[in-house]
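Provided herewith is a single structure, encoded as structure tokens, for subsequent inquiry.
Chain naming follows the written order as A, B, C and D, and within any one chain the residues start at number 1.
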């Protein structure tokens, strides 16, 4: 049915130097082809730049923690002696504590801070952070609006006690080692989902050759670990969803 | 090089191809999906530390123990307390939904307010507590100065005996107004019945748990009668999973197939208002068979046989009266119940080991009839079921300390000498403490309201009274109305000044003897959460108000706050000794326990007891049934009186006619049945309307938590219309089908409802649920259905004067 | 994709027995359920086709004329069908599954795409679609009573009774804190079970012969809803009244066999044991 | 105005006339657009669907148009695989109608689900046990196939054909159309079946439940058969409608008659099997659930008359008409028979969706009624408007009917 294709009116591309005949099929205009490939590459590279560099930069907003908490300082027995515990886990759970009913307090409330930092008038040290704590929060009895790196969506029920008490998994296995940190890491919030970058993982691609549990905190990572640990029954939906 | 269309396409193709190998499309798709999983407008309840706070539910006089689950400072769930003697873990739907009454801003007053809009519009403006006290105290002081303290009135919905009601009554005494009015409830009928037959001003105590045959005359056992938590718990016990083990049987006497009637072992359906005749009919069968408890009758009762009074007049006794007037055939004509049913039922009642006949009318919110109660109580006496295990017990009142004496000034003394507006306690209403229908009537009749300032506490009479809207009209005439309600109820919307109380989860309050319980019980609720708005415990408000009025009124209230008063009264519990402040599930309070000599009360000082009382919220004395007979009955004869000499005396003082008693002579002093009078023309109004109560719809002052509307079938409420249940035969007579919209017209008004064809409705009676038709509160409750109280035309019950709300003549007109 | 039951012998099989003689029709179970599970409450709850009631009371009558009419109630949670639940196999996005270790049919709201095929497949009407956004208007503060233990649902997804599985998690957390793994019968109870003022609901592990439920299911008055369809519900009912039991399933004329039982009126045998006609 | 775009040698109405013709269809689409916006923005509370009627008007529309669109794959199958050359005259129509039906159905489905943004979970988190997953996979793939089949037709537009590359592309596509036809047939067979399976597997709904073969209930096969029987009828109807509206003969009778004949045989086979299905159901599935056939129709407006209509008036009757050569050759009878067949299939789908859901399973549950809202009608009818619009555009600008020029020589061309 295409027997009436009329090429007479067809304006051809600008006729530059013709390539040697016969090398390319007749219908292929090599100059045009090179141009096509060039523009194709322009588009391709632009897309790669947008996708790999601009997109992540736009997607995440940088947010500052209300106070720069110094883990290293608090865990240094020479400087702070209130933190009890032999093992590292015990030290962690001195502040990040379990309650009697087995729930996990997570980031401590102000009440935990004021166990030591009692009196806004008499700070325990000389750091500006502490002064900040005293004036802005302890004196006014306001909770500190911490940004939680590993905050999961509301539909997720994560039982710390099951992992720490029963599974004997160290805190830093999943959270990374914070003990030596003098500064809190930068908090990057996904503008669409509202969650920290730690959930998706720092790598925008989502691919890791040797993935550590602390690299990502998506559901598949939980399931993968459960399977590896022979805890496949814990991949049932209602173990971690509420 | 130009960017031609072709080049552009090549770029786009490259871009599209390139973007596929970047994370953008994939992560974007994922993130957008995650966005839908975390929509910002879907609430995310903050988590925190969980805790449980024990308290007592104060939404009804049932006194269930509740345990409130909290997350940090938020209450998130109410549960029943298994370690509580009354309800043993269960709780009713209203109590279960209680948090919706706490956390609902548009339902509540968030602070003291002054009316700015039209009355009833519900438009208010925030003021400070100081201003509020200034306004109310100024007004009261001015009335007192002008020598009109009786123009101040209070309507109190708190139960008699509670500390709040004691304080309010005291305020009225101190101010000098006799017009302290309570809302009538079933407890008043019980109280009066106990006075006239037993001479005891005490609550009724039915030993249901130990009974093996419960013959319930109209008690909505499953509709919220008594302490609902306790009754339904007993219901569960009665219905053991293995029917062979089932020991207790329940017979329900009611005209409608309510839940209780349906779930009972037997349902007997007499015409409404004929319960007395049925009870006397059963008495007739038992007397005729000669198998009544002759020993009990002879030793502990008065007026059974014919007798002669000291002036030599012969009197016919209960026996003669019953044998003459209440044969099953005669009763059958009155009630519509078949004679053979009565004979069998009487036999079953008599043969049971521990039967008890109990009297009620739906829930506790509305009054009953005195003669009906007397008839049922006579049946108990006849079978010797008074002061016996599993029967009607006669415990002493709770030994709370009375409030201390105080000096009144002259204004108050003069004011208190003025007659009560409602004529309660006069010769016409000798046993009635207050009569709100007369109160409203007096205001409606006079051209100018004799009441200048009305204070309303814990009550919503504009909605709950079965008076055809009379109180609402009176309210409109009263120049100044003050409401202490925490909720935007109909009465509060008519008020000029709001001094909002806290809700029951935010304040301390006491619960004195849940209705019908067989052992003395005192519950204490405490604040579960701090007041979330600028509201104050009504008790504190009253004390502060008195202080603001000053003079002798202020000095009558020497306390710092409400808690002091509660504590002072509770001291009486300590002084009386013998009570317990903790509960062991293994030893239910209703199980007879013989106190051993070495039994310790569980506390060693009053302070210790108070601490434990605060923590546990309970004080009770386990059931002791060994009441000594001498001095038990404080009647003139010192015995249970089939023939009430107190009524006789009242008739002597006034006349049977003044007391609205239809019969004359001896029958007037005994339980009897009289055909109810109605001014309505039977041919104009061929049907009668009976309001009915449900457990899953609050019908009193407390609004229904919106959760409850989930439980209501759409044959009770559909969109904005509620339903009137009518027997299919009756409906057929008027050509009505399921869902038809009708006007239910009574001589005093009309409401519109849809027809629900219900086989369990007695023919010729229209049953309408109470609790719908609010004009107050918020969008969840407002404008849903109609309130049958608005068309009730009630005659006054003989002797008591309470409204006979179950017998309104109506007709149905299809809309 | 793994089949549900390839793990050998199941551990727990949570189930429920509801005694309809004890049930008073008060609706506390419904309210307790809604309050416990953050169920949305809209101003109009009379639209029974769209209102969400994980636990629903069905009001039934025996259809007789006055004064022989009786009313009774069927409290209906999710049946947590044990055999090939009709809803599970049809779900397109694997949002609902039968957990082989607890017997609970789970529903993940964030996975659900709202196709409602499960609703069409469920004969009990136990599944509810969120036709609206959760109703928590600004300024009312109703969201303050929401429990953090159950995630509120967004519009456009299906939800249903979960046997309060968050209470199982709660019990587990408590157990782990006390270095236990096993959970006692009374440590995991659903909200409706606890709330019922008449104690009509019994909840427990059907696989554990010590638990009350395993004993109660053997009673001759015990039956299940639509048993003959073959869904194997884990919610059982008990009633001493034949007309109630008969309404639990569809029967062709003559198929229903009444359970004959001696009644409390000792002189007669009746096929209608709960209630006697004098 | 647009004459340069019109196919060569055919007569088309004036642009203005065409514009006015499209107005009602644009109107329907605008109505649908508003409805769709409301449903997506405010949620499905805009409809009268409910927890009882979880599936409603839209699903009936979906199933109906997918069944009616079956003409595409089946005609393709007959043309390219079996080699019925005369059907080349009608294959374009079939493909376009199929494309309209499937794309319309997909659009409706996108609004019908509560969380359209999560729609891709069907593929990513697929539950392979679900018939609806099979449906979704196949429909999506088949829509792509249809699009590919549609492309060469579009490329035959006079203006587009001037571009050499596109012309070559279109030509090459044409060459391998048999491959797509085969793929389409395969996909269609499964999703038409799965659509039936969707209802048959609802074993807890005795009205829909069917027994069957392995994982497939009988409805699986019956739906395939009914779709291939009615698809060609719908293609014929569309052709006849176009011929009526344009007052031209567009397709040679031989093609129509062939389709009608094939449809007749398939329909007859379907009806026979369907009768067996009904019997097996009435005497097997239904009594086993404790029910009787009549018990389904005790309440509400639905009655046994629905089944009678489906089977007798819209099943046996058109089968007889189509089987009778004389009747089949009569234009009037042919159209009546095709119409009845299509109605019958829609009725069948309606029974499986609405009636199934309306009938309560629990003995104490009640019967519920359902009436769609204007939003639901809007979206359903927008698909009709969309169909008319696309088909009109295709007819105007593409050489849909290869024999049109031949059958309608334009004077002076």
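Simple rule for what comes next: a contact is a pair of C-beta atoms (placed from the backbone, for glycine too) under 8 Å apart; a residue touches a chain by one contact, two chains touch by 3 or more.
Note that the coordinates shown come from a computational prediction; the quantities given were computed from them, not determined experimentally.
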By CA centroid distance, what chain is farthest from subunit B? D
Between B-D and A-B, which chain pair is linked by the larger number of C-beta contacts? A-B
Would you mind pulling out the distance in Å between where the CA atoms of subunit B average out and where those of subunit D do? 64
With chain centres taken as the means of their Cα atoms, state the distance from subunit A to subunit B in Å. 58
Please compute the C-alpha centroid of subunit A, do the same for subunit C, then give the distance between them in whole Å. 40
Quick one: report the Å distance separating subunit A from subunit D, using the average Cα coordinate of each chain. 47
Could you list which residues of subunit D touch at least two other chains? 115, 118, 121
Give me the residues of subunit B that touch two or more other chains. 32, 35-37, 44-45
Counting only residues that touch at least two other chains, what does the list for subunit C look like? 109-110, 133, 152, 154-155
Quick one: in the complex, what on subunit D touches subunit C? 43-45, 49-55, 112-115, 118-119, 121-122, 125-133, 136, 198, 201-206, 287-292, 295, 356-357, 361-365, 368
Considering only the defined contacts, which subunit B positions touch subunit D in the complex? 29, 32-33, 35-36
For the complex, give me every residue of subunit D touching subunit B. 115, 117-118, 120-121
Touch list for subunit B against partner subunit A, complex: 1, 6-8, 10-19, 21-25, 27-28, 31-32, 34-35, 37-38, 40, 44-45, 49-50
Across the complex, what residues on subunit C touch subunit A? 7, 97, 99-102, 104, 106, 108-110, 149-152, 162, 165-166, 169-170, 172-179, 181
